[in-house]
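Dropping a structure here in structure tokens format, bear with me for questions.
Lettered A, B, C, D, E, F, G, H, I and J in written order, each chain numbered from 1.
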Amino acid sequence: MNKETMTDTIVSAKQKLGLTWEKMAVDLNMSPVWLASACLGMNSAPQEKATAIASYLGLDDSVAAALAAFPTKIWDQAVPTDPLIYRLYEVVGVYGDTLKEVIQEKFGDGIMSAIDFSMEVDKIEDPKGDRVLLTLNGKFLPYKSW
Amino acid sequence: MNKETMTDTIVSAKQKLGLTWEKMAVDLNMSPVWLASACLGMNSAPQEKATAIASYLGLDDSVAAALAAFPTKIWDQAVPTDPLIYRLYEVVGVYGDTLKEVIQEKFGDGIMSAIDFSMEVDKIEDPKGDRVLLTLNGKFLPYKSW
Amino acid sequence: MNKETMTDTIVSAKQKLGLTWEKMAVDLNMSPVWLASACLGMNSAPQEKATAIASYLGLDDSVAAALAAFPTKIWDQAVPTDPLIYRLYEVVGVYGDTLKEVIQEKFGDGIMSAIDFSMEVDKIEDPKGDRVLLTLNGKFLPYKSW
Amino acid sequence: MNKETMTDTIVSAKQKLGLTWEKMAVDLNMSPVWLASACLGMNSAPQEKATAIASYLGLDDSVAAALAAFPTKIWDQAVPTDPLIYRLYEVVGVYGDTLKEVIQEKFGDGIMSAIDFSMEVDKIEDPKGDRVLLTLNGKFLPYKSW
Amino acid sequence: MNKETMTDTIVSAKQKLGLTWEKMAVDLNMSPVWLASACLGMNSAPQEKATAIASYLGLDDSVAAALAAFPTKIWDQAVPTDPLIYRLYEVVGVYGDTLKEVIQEKFGDGIMSAIDFSMEVDKIEDPKGDRVLLTLNGKFLPYKSW
Amino acid sequence: MNKETMTDTIVSAKQKLGLTWEKMAVDLNMSPVWLASACLGMNSAPQEKATAIASYLGLDDSVAAALAAFPTKIWDQAVPTDPLIYRLYEVVGVYGDTLKEVIQEKFGDGIMSAIDFSMEVDKIEDPKGDRVLLTLNGKFLPYKSW
Amino acid sequence: MNKETMTDTIVSAKQKLGLTWEKMAVDLNMSPVWLASACLGMNSAPQEKATAIASYLGLDDSVAAALAAFPTKIWDQAVPTDPLIYRLYEVVGVYGDTLKEVIQEKFGDGIMSAIDFSMEVDKIEDPKGDRVLLTLNGKFLPYKSW
Amino acid sequence: MNKETMTDTIVSAKQKLGLTWEKMAVDLNMSPVWLASACLGMNSAPQEKATAIASYLGLDDSVAAALAAFPTKIWDQAVPTDPLIYRLYEVVGVYGDTLKEVIQEKFGDGIMSAIDFSMEVDKIEDPKGDRVLLTLNGKFLPYKSW
Amino acid sequence: MNKETMTDTIVSAKQKLGLTWEKMAVDLNMSPVWLASACLGMNSAPQEKATAIASYLGLDDSVAAALAAFPTKIWDQAVPTDPLIYRLYEVVGVYGDTLKEVIQEKFGDGIMSAIDFSMEVDKIEDPKGDRVLLTLNGKFLPYKSW
Amino acid sequence: MNKETMTDTIVSAKQKLGLTWEKMAVDLNMSPVWLASACLGMNSAPQEKATAIASYLGLDDSVAAALAAFPTKIWDQAVPTDPLIYRLYEVVGVYGDTLKEVIQEKFGDGIMSAIDFSMEVDKIEDPKGDRVLLTLNGKFLPYKSW
């Protein structure tokens, strides 16, 4: 079973069971962002978690195997047009140089890892309009000289 | 004075005074990310803040005027090659669809604003390697029908 | 039912019933532009409107569900070649900087929202040739500092 | 004098005189959008209007000649990144096919001219946040067969 | 019936009947260029002409309906590689600025319409090698000020 | 003297003398299109014509030499945005396949040369709006087999 | 039968008969390069040659008809990645300006035709490593003035 | 002295001395194509040849040093628009797959080197129009397995 | 059997037999990198090795024939997004000019062949985190003059 | 002093002193690849090494400061045309998927770091032609789940 079929199977089971990523994540003791990303095929799940997810949704071992497979992460290098996703690119475009300045001032020459990395989404209720809070957490990797 | 000259003037004064964005931000009671972004010319500063920044650095009114001017925000639509900035694009590329799923499940059909928006950078010390914490905070805007 | 099938189903029913977007919009008390955009899959319909549209066309609940689903808005970033659509891009290309000047002079630093937004099409009859009147109405969103 | 120098000269005079496009447009009995677009070099001004604009700003005949010259209209075919301008492209991208449907249903096979065309910007005050109103008015041109 | 199927149906009938665009055009009293372009799906035919074409080829009403439908004109924005078509782009590339100079000198600031437009192909016999004569005829549209 | 300087020199002399391409072409017994194209640097002039043009404008031998030099013809492969030039691309885009059909039906497998080629611009006066007539004349070149 | 099916049919017959382009070319008295290019669908064959090729391979008239059809020559404008083909582009990229210098010095302002054109491939045996010899032969076409 | 200045210096000396690449090549006992390519900066000259070229043109050692420097070979990856150079790309585009077929049939899996490579231009006089003969000669390099 | 089907067949057999590229390579006395690349269809296998691979996996002669066929090597010219592959491009991007400096200083003007080439992957165990060692070995090819 | 000026200054001093990267690297006890990359501005040097390099070349503190500055690493995302650098891209293009297979089989799901990374160039003398040996050494970073 490839990742595309796996995602269709999982999303379909999730809809039939009336679940949300949030509810699944709480029940499975995982982060909603990581869980959704593994189910959309953009991250591999360790074997134990793969089995837990498939079993929770009443799906068989081929789904667990597909969750555990190492993905080839393909995403459009053209900036996406969907407004929700575009706004994220806009943030990175507008603030990219600023973040380089502030992070490297704080940490030295290096990068924030996108591999040793996690992310969360929270909702801040506000009478003037609720707010989305995204938290990105990545290991700092310094350049080496040799 | 245009934004490029303004940035050169500010960065040069900052280096001569041995300042960091962090120190400036604390002294001026602003966020380091917003302050750096205004000084790099990607955001306009309200008049009062513009004057405070210029005055703090011992620079004249033309710098304050340039800080207050409304910028045209131009950034490369080709994905940047600098590794620190590229990793941010990679995060948005890998997790874009996941964030759409999780945010819209939580908030309904709409977007996280990149206009009514703020962002912070923090350092989490860790013996296995320090970690970068980015916090993005944007107002949720629902689509309307008519 | 995905958005593509939904659009095919709706357009086919509309043709069989000899309807126009205008007539449907009047009968359903919606805007023709918004109605067409929801039926073409570029906007989600609130549940009540989704049900009203499907029912009006004699279509079943799966169509209503598809109308209510949150779309991923994908459009060609290459400038389209169809002459009607190209002329709209030409207007935005030729007048983009002008609109930035005039809007920000009137409102301050910020943008016209494309989310909290509506649009209408009208016909102005004219013996020298009828004219198309497009009206775009979007909330002004000011940048914040922090 | 080429169009770039003309624009710099006009914008500089306008700033020194403390004028806005709106005030100039009222005094000169022209539309603010058209006036700004001619001064930014994206439209030619008829000789009489060119002379009136230059004279109003206390500028000489070379500015009037530059205003009257026929421009080569060059704009980025890559979608611009400035958020105000990008939102206009997003509107055209999201609603392009919808507008083709609704306009051609109303007028027949043809286009809205971007040449025999005018546009206005208005402000609608609203306690929940002011709104921008853009009005585009273009002649309908039917295709011919032969 | 969509435009692609229509074109296949027409081209197939034309081949079986041993017709040329030229012969069809003479018999139907239309221009060969316009006729071919309508049959290739790049222009809509007025109802009467659509019926005449379908009937001439012994095809049914669904073909006539497809001929009358308003097309979405899609063509590659990358310069085509077929040598016959490329040479046309080369002509426009090499002579574009020249044509702007000569046309606007003759007519004022404006454009040659590609909507209110017709075109013919003729053959000039010549012992040193026959020549292709293309004639393009478009209405001049002046820019307006407002 | 390179082609850019040559063009500036010629255009400047032409303006001072109050000439048009048309008037120059009549006086020099050349086509206005070819003359403008040579003066804009997109074609080389045979030595005799180069000398005649320079002499007519009161310019020296270095201009004649630059007119006679073989140009490197560079033009944007991205479709140009100026509306007059864009409409020419639109014509080629919309009618490219049609012209291939009609020309190859008339002449066999081959192309219309863009090298052994000439072009004219004429004005057709019309009370409903004047029309632009472009005439392209190129040698037909058949493919060979070997 | 379209060109793709024709190529598949021919290549399959060639493999079953254990033929090479070279052997076929010798037997049919054609050039191997031209023969392969016609069979790959990038050139049309005159009727007589088309019949000879099809008959030699034991294929029927529909193959001969497809060989005789006028092709639309489509090739990737992005530089191909296959190393053999890329090296040809590299040669044209590195030596393009050089060839323009040397050819136009020898022949005057004009081009080498790619239409009235032929090409051969030969093998030069060499103990230090065999060498590929490509010979391109195209008619020189001078530009005309008018 | 960089390669650009070197080329300008050499081309200027060559014009003053009334030389052609052909004459220089005969006198210096080099190929005209290689000589032009070294002087245009796309190949390095062995020290002895570099000295001979500079000395022949009456230029000093800095030109010889620049001729001997290893170039960075940069050429447009977008297909060039100059008609002479474009036709070369068209040949490679149209015949690329054909050449792969014919060369690999003759030599096995591998490529024609563009490094261990030479090229010549010849003129074939012909009453129906002279012909350009290009000869490319490259070492065949087989792939290895390991 | 084409290369895609061959790869699917081989990968499927490999999974059923519980093999790794490493184990296969040791048993077949080939390099794991070369073996994987031949099985993924990016290199041809000499007949003997092709037969050995197919036979080892219990697959028939059509797989061996497909392994021996000469591939057309197609790879995305847009930089890939998968993080493992992207990091390799980043290395080449960041160090490309450096490698040109260091290699040409050591070897003279020329290139490292990607045809007469081999590559290995090794693992260096390290308590602070294992390391990947890539070794690339290519013949140096000097440019020739002529 | 910015990185470009720094590189020019260093390369110029290196040429005057008749040094090679290899000799400098041995004397300074650094790797030639890293040293060249720092001097070309693509890596920052730790303060001590920066001072040692500047001092070795007889250059002042501003060069040392520029060497220590954190670079913005910019490289062409279009595949470069210089043959030496292109061959490196070709290797990554042809073997990218193979390396992903072989590395992830050996190490699990993750990447080879381009940050915690070093590289060397060696020469293998060989009577059939010397060979270039590139050695890349990067830390393996496993993905995390959360």
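The working rule: contacts are C-beta pairs under 8 Å (C-beta built on N, C-alpha and C of every residue); 3 or more make two chains touch, one makes a residue touch a chain.
Only a predicted model underlies this, so the values are computations on that prediction, with no experimental measurement involved.
Touching chain C and chain H together: E, F. Chains touching both chain E and chain I: G, H.
Fitting chain C to chain I on Cα positions gives a rotation angle of 145°, stated in steps of 5. When the C-beta pairs in contact are tallied for D-E and for B-I, the bigger tally goes to D-E.
Chain centres here are Cα averages; for chain H and chain J they lie 31 Å apart.
With centres taken as mean Cα positions, chain F sits 43 Å from chain C.
With each centre defined as the average position of its C-alpha atoms, the distance from chain C to chain D rounds to 23 Å. In chain D, the positions touching at least two other chains are 43, 72-73, 75, 77, 79-83, 90, 93-94, 100, 104, 110-111, 113-117, 141.
Annotation, chain-chain contacts: A-B, A-C, A-D, A-I, A-J, B-C, B-D, B-I, B-J, C-D, C-E, C-F, D-E, D-F, E-F, E-G, E-H, F-G, F-H, G-H, G-I, G-J, H-I, H-J, I-J (touch as defined at the top). The touching residues of chain I, counted against chain J in their complex, run 20-22, 32-33, 36-37, 40, 42-43, 73, 75-77, 79-80, 82-85, 87-107, 110-114, 117, 119, 121, 123-124, 126, 129-141. Against chain A, in their complex, chain C makes its touches with residues 72-75, 77, 114-115.
Residues of chain F that touch chain D in their complex: 78-83. Listing the residues of chain A that touch chain J in their complex gives 30-31, 34, 38, 43-46, 49, 70, 72, 100, 104, 108-111, 113, 115-118, 141-146. Interface residues of chain A, counted against chain D in their complex, comprise 79, 81, 83, 86, 90, 93-94.
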